[in-house]
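Think of it as A, B and C in the order they're written, each chain with its own count starting at 1.
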């Protein structure tokens, strides 16, 4: 069961000048196993997208890794030379984004965009790459792929473009797919199609997926395991069942309660988390969640809680759940 | 850092210029029109700080006197152009439809003339003189103001807060004044500043070709004009008047760029 | 029931061929919340703009408190606008960045001459800010100094400032973070209870709709295909599109991953709306009649309207076998 393909250990990422850095990731720990779908849940500023970009070594130019390690199949990525990285990206690790329109080249036919990684990584001929691209389009459920392959991105709908992105990402049969809010910009019926497609591909290719989302519905639909992030750290890590049935971190509990669901009995008021998501330049000390936390303890504003095992395969970073009480004094 | 030095220089220069323009009468060491044939084409001296021209008139006093005319036109013409152009541009953008089509076509027509040529045309029609010169220069600047204000207003028109104002019941003219104008003011102020420099340059150019201020009244343009004619007598009048024009235009451009940086709302966040 | 708003057969055609709203009729009672749901491009936002008279309808009538406001001039509309306010989706673009929070929330009052002087405007602003849980010292703050959730509160309190009878809320919470969304939903509900305002609540999120609405209208390609009281709608939607929309909502728990009615492809373009029933190209139970005859909204239950030739009082999943072999369903275990 424990066969991690990607492990991120104590990853720290900062923005801005060296003299006055703004810490965006403050020690992120997560791992994803072969063939597993990991949900990375959080709100704006939690660091979920940044973690994924760091894992691809695709950080924006203003950000830099200031500590920690990223291990992909035993290889250290945090310090990997660019040449070697380029051999990995699009080949063994791929990524899809929220808005496929910005990730696809608007002046290039989709077929050529899918064929590009095939030719680069697998050294296929132009003809062979085109044939594979058609197969790929077909396999992601695009009708009439022979005709569609010569379309430009703007000639397609949002759902179809996301399928093209997936076809492109999976062209070289990678071992890990990072999906950053892949369905957020899509309508629910299209979202359902894309989630089904991702699930099918996961089984078919024994693909590991990290799906980044703010939506517990997406998590419930597709994830095997979940990491909840807040303020640049992972605050809870659990199997998807445990996360919903045995929620531990007060933030996770708050989020789940605050999300209206369609099965929910009519309630008068939704339970809400007070306050606002802090800006990364203005992160509270200690546990980042403490100003909004209903279970706050005296030590929470001073000491950063670490992930501790509270149940099999479930870890949580919270002083209210910690067994190491003596530390707090 | 370098920017800072330039901006400081521009502000100091323009403040000095403002003082000279306002208090010119008290500062002028000589009567700018007084001819002294015993002191023709002299170099700088304690009496004549920047020398004299071929009529023996004090160059420093003439440049001071000329600055009043150049600066007045330089300020008045862009302001007239701004008022007319911004009104037309924002109205066209806000209301759309035929208003916009007419304004756009007229702008296109005006834009197809070189601003200087347009100025020449107007002066040729109305005759030379300071008022006509101001009209000519503002006429030449109007299309740029229409263009910029229309484009900025069109993008602001799409913003939710404009719809919000309409849905709250705010009348159109009030929506333009309260919501559209403040949000497009930044680029317009920048452009006005830069156009002040251009207007001074255009005044100089038109005066240089004889369509501006008429002698003996000095303006920077005609000082350069007659200075060039007498360049072998003394190059100083043309040189110093040219320097005054260059420094003023440069200062306004630096100021405009600095304002552009300051007024961009995205840069002042936090 | 007292009809506050009555929309009759309204059409909006953009550029001569884009039928964004293609014959929509509904009414809204006082204190009622009607949710207008549908996917992007279905015309729901255009409906909201038509009611706010930000765009003019091509056909049809809009009545507010019995008065025809369809073609009323902007000047004459001023009094009506006091009664119809709005909350927009984007909390960033809906507030003028060059106005302070105090000016923003009192702007409607100033426009309608409800504040006499600066001091009164300021004290009113302070009260309004406090009513939505913001601090009175925020009157001088600029919109950019607020978070998304706080901005949306400013938008909401601005909408309520004049005590309107109807608020058109176009996706008021969909741009907000999850933990903040529930706060804003609660504020919307509290304010409604306190002031007795009616909401036209436009959303694509079924769960929020279920929480907020009294009645639900589902739009597809510019037309309402189902209109029903909430309980009856969520118990059993009658139009196959409405049912597939509901079934596409992600599960609320991993154990509830369920069988879905997956629709094939994307909605057709509003430039080329299919003949007959506009949904027949994607409908899992479409028959020959659906290609030729457009169904009209008809009563299929208590106050429950649906525009489908085969609307019946049982779920579509079981009808698929009855009418036609399943082609597009996908079982998920």
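Annotations
The definition used in the following text is that a residue touches a chain if its C-beta (ideal position, glycine included) is under 8 Å from a C-beta of that chain, and two chains touch if they have at least 3 such contacts.
All values derive from a computational prediction rather than experimental measurement.
The chains other than chain B, kept where they are, remain one piece by touching. Two chain pairs, B-C and A-C, are compared here, and A-C has more C-beta pairs in contact (counted per touch definition above).
Most remote chain with respect to chain A, judged by CA-atom centres, is B. For the pair chain A and chain B, the distance between C-alpha centroids works out to 55 Å. Centroid to centroid, with C-alpha atoms defining each point, chain B and chain C lie 52 Å apart. Each chain gets one centre point, the mean of its Cα atoms, and the points for chain A and chain C are 31 Å apart.
Along chain A, no residue makes contact with two or more other chains.
Contact residues of chain A toward chain C in the complex are 43-44, 143, 157-160, 187-193, 195-196, 199, 214-218, 220-221, 223, 240-241, 244, 254-255, 258-264, 266-267, 269-274, 276-277, 279, 292. Chain B contributes residues 159-161, 163-172, 174, 178-179, 182-183, 265, 269 to its touches with chain C in the complex. By the touch rule above, chain C contacts chain A in their complex via residues 39-40, 147-150, 177-183, 185-186, 189, 204, 206-208, 210-211, 234, 244-257, 260, 262-263, 265-266, 330, 332.
Those residues of chain C whose C-beta lies close enough to touch chain B in the complex are 49, 52-54, 74-75, 77-79, 81-82, 84-86, 88, 90, 93-98, 107-108, 111-112, 144, 158.
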